[in-house]
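Below: the structure, in structure tokens.
Chains: A, B, C and D, in written order; residue numbering restarts at 1 for each.
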Amino acid sequence: MIKFIKRKIKDIKLENALLIEGLPGIGHVGRLAAEHLVHEFNGEKFLELYCYDFPPQVLVKDDGTIEYMKADFYAIKEPKHMIVVLGNTQALTPVGQYHLAEEIVKLGIEHGANFVYTFGGFGIGKLVKEAKVYGATTSKELAEKLKEHGVIFRNDGGGIVGAAGLMLLFADLNNIPGICLMGETPGYLIDPNAAKAVLEKFSKLENIEINMEELEKRAKSMEQFIERIKKFEEETLKALQKPPSDEDLRYIG
Amino acid sequence: MIKFIKRKIKDIKLENALLIEGLPGIGHVGRLAAEHLVHEFNGEKFLELYCYDFPPQVLVKDDGTIEYMKADFYAIKEPKHMIVVLGNTQALTPVGQYHLAEEIVKLGIEHGANFVYTFGGFGIGKLVKEAKVYGATTSKELAEKLKEHGVIFRNDGGGIVGAAGLMLLFADLNNIPGICLMGETPGYLIDPNAAKAVLEKFSKLENIEINMEELEKRAKSMEQFIERIKKFEEETLKALQKPPSDEDLRYIG
Amino acid sequence: MIKFIKRKIKDIKLENALLIEGLPGIGHVGRLAAEHLVHEFNGEKFLELYCYDFPPQVLVKDDGTIEYMKADFYAIKEPKHMIVVLGNTQALTPVGQYHLAEEIVKLGIEHGANFVYTFGGFGIGKLVKEAKVYGATTSKELAEKLKEHGVIFRNDGGGIVGAAGLMLLFADLNNIPGICLMGETPGYLIDPNAAKAVLEKFSKLENIEINMEELEKRAKSMEQFIERIKKFEEETLKALQKPPSDEDLRYIG
Amino acid sequence: MIKFIKRKIKDIKLENALLIEGLPGIGHVGRLAAEHLVHEFNGEKFLELYCYDFPPQVLVKDDGTIEYMKADFYAIKEPKHMIVVLGNTQALTPVGQYHLAEEIVKLGIEHGANFVYTFGGFGIGKLVKEAKVYGATTSKELAEKLKEHGVIFRNDGGGIVGAAGLMLLFADLNNIPGICLMGETPGYLIDPNAAKAVLEKFSKLENIEINMEELEKRAKSMEQFIERIKKFEEETLKALQKPPSDEDLRYIG
């Protein structure tokens, strides 16, 4: 067994809530999307979850206080009841990943959840202007609903590893539905663009409005940053291709 | 301890049943043979077994629904009572493999089994026309019976790793007999030929008739596929050996 | 779960004690500092802690008796109540490190501790004359107090791995304060200099006097040893750079 | 926790018995020595111990029956009460090694043991005519006794890994004495010579006579085998050093 410690912060009362997973993963897409919900909808932290299969360390902040490896549970009431789980780590071992997914779904249901969403990134190795959103779900009916909303399906026969996949298994074993939304992302960047695409599908599926301004700002900064990197790469390449002048040669070797 | 979750699909009543293991292994021989029994004899799924030592992921199907890492238990009534276990994975760790083999045998006995068969492949690194069948068993009497039916014994001092071997240990610890049948197979192909050889011995040992048509069709397709590969290899080799003509040379470098 | 065995040596009665961790780590700084406290203040061993996640071996001493992998708990009464934990190993696995930190804090609290100190080294890859002391703590108030005493904070966003970090987590989960003091150290030496710097801060924070003579002697021996190594390295380098004489050349090749 | 299964073969009644460990290790010295005691003194198997941390496999014998990964417990009554543990494997993981050593000592004590002996090899990388015997023990008094009998002590500051070491820890935690005897051995051979040296010390310490004939026969066969290998190596070396004749050159390249 893997041991857990739960630290209760406050009592909450939710019903028919969506349980939303935002642990670190590819492109940090899931984490960014879930975090955005907490900010936009004033999520209140009500529980901290510690796991003995998390990295055996504490992090040190600039002010000398420490930050723990944990998963924080936030309650949202408007526009819908939601429990959003934000964490700074996944479990380290395969067995730990099973126990963690089980524990998060169990805690979600205990606090009023009856539907599971996991958000993640689908690594495609390159940047795209419009990130497509791939989906996977526990039932054929929900698959139809995803299709109607422009969510596409993977046909690479691949899998969803870690909490994003296993929480669907534990949703199913607890007889509640689950949906995973994966935004296309390069995989080597923290990607607010993919997070935004995932939240757009989520907002349509759940019929709620989400103000994307903050994510758009972050996406814009990132594009400008990438533009500057590209420019620098082009100039460096040109300089390397030009035949060296006499002056240059004096500095080589 | 490794944790398991059992999802009951339906009630079944069997007696003196054979428990047959078909988890993935060398050449997928065991899996193919066990699967063939389920198809031929209309096995009914009655239980799903999830294990926290399975790969921590879910698989995504083309239709957007997910498939879990699990072992499915099928009940067969005619021509004999059988419980066939089909899975898409073995346990990941050595300790997990012990617990899984123990759990499968325990569930088998709980549902009426009193004899264990494990099917597998014996990797020989090449294709053969007639796959020999090697055997191993929990008692000398059964070893004699295997010999009488043309099952041969290994003399390489080797072992049987994973569920195929450990289920014989747990059969023995539960005082029921166990037999492992291993069909010769290259090891790098999914091999319906070896599965057919294993089932032929099984049918003789258990005195039942098994229609092998579907396995034979698959074996034939595979042979044609291998023929085409061989031909392609020969032609490629010939082309590489022929001295390049003037025309060829113009394209090289 | 990881199993522990506790061997009680004697009964002790302490109140409001400081729990001080001295397990092996970078530069053995924590171990040296904690050991120094036990020597200076006549610590009495009252408990031995064995852990199944410690290295699976015993050590053989020159006199033929064996030494075990364990953590020894010492009680100090003057100048303050302290429980000092000295060990010859950390736990081997991440999960084991969680369980060990939890167990040490639990035993400390059971025996009267209400404040946790962990000592360690902060590896900087080179020798320094005056080792700075970095700190991390469970609360903002304590961070302020550390700052007032000249303890500085890291800004590398890094972490504290193992018992030194996790004991702060378990202090916090048990609602008692915790401080980690890390002395700058090369990382490739056992460093009494860094241990002394850590104890100087500790003595100021706790308002007690600690005679550093023994640590200073060890620091001096170490400096002399390093001086001799440096000299030898310089002479070797000079010899390699001098062009070989005819005599030398006769011996080459 | 690591799970065990015990299969009782028969009831036995022993008192003040020596518990002797013979699991596989360096040079198989411990295994050979313990096996020799079982043969010479007609040990009766009374228990089989299975462990979920043993290799997850069964071994196949030439006659088609299988052999399990396990530890067999033998009872000896004359010349002294002894429980000898022979196994074909050690536990795979560090935690498993702790649990296994604990379980073996516990079972030994339950069946009448009050003194633990572990036998092993001390790898020295070369063959020796007379194998020295190194010792390690749980108390100073026993260390003196070992010295009087010509057992020497290691001064390499090293350890004893696995069951041979950990069983001394669990002997000590159960307040019974323990001795480890290690015969010098190359490390790359199964070494009846070292086993014989260890048993000679054991027979002196316990004041019993042990007929070494069978071990001596095995040692002689091994020496002859090594002589033939040496001769072959010398002749091969000579042939490689002789300048090739014209005849030889015609075959090269």
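Simple rule for what comes next: contacts are C-beta pairs under 8 Å (C-beta built on N, C-alpha and C of every residue); 3 or more make two chains touch, one makes a residue touch a chain.
Per UniProt, the chains are A, B, C, D = 3-isopropylmalate dehydratase.
All values reported here derive from a predicted model rather than from experimental measurement.
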Interface numbering overlap (same over half, different under half) for chain A and chain B: different
Relative orientation of copies chain B and chain D, as a Cα rotation angle in degrees, nearest 5: 90
Chain centre separation in whole Å, for chain B relative to chain A (CA means): 38
Intercentroid distance (Cα basis), chain C paired with chain B, Å: 54
Multi-chain contact residues (two or more partners), chain D: 1
Arrangement of touching chains [line / ring / star / complete / other]: ring
Touching chain combinations (by label order): A-B, A-C, B-D, C-D
Complex contacts: residues of chain A adjacent to chain C: 1-3, 5, 7, 50, 52-60, 62-66, 68, 92-93, 96
In the complex with chain C, residue positions of chain D that touch it: 1, 94-95, 97-99, 101, 135-140, 143, 146-147, 151, 153-155, 157-162, 165-166, 168-169, 172-173, 180
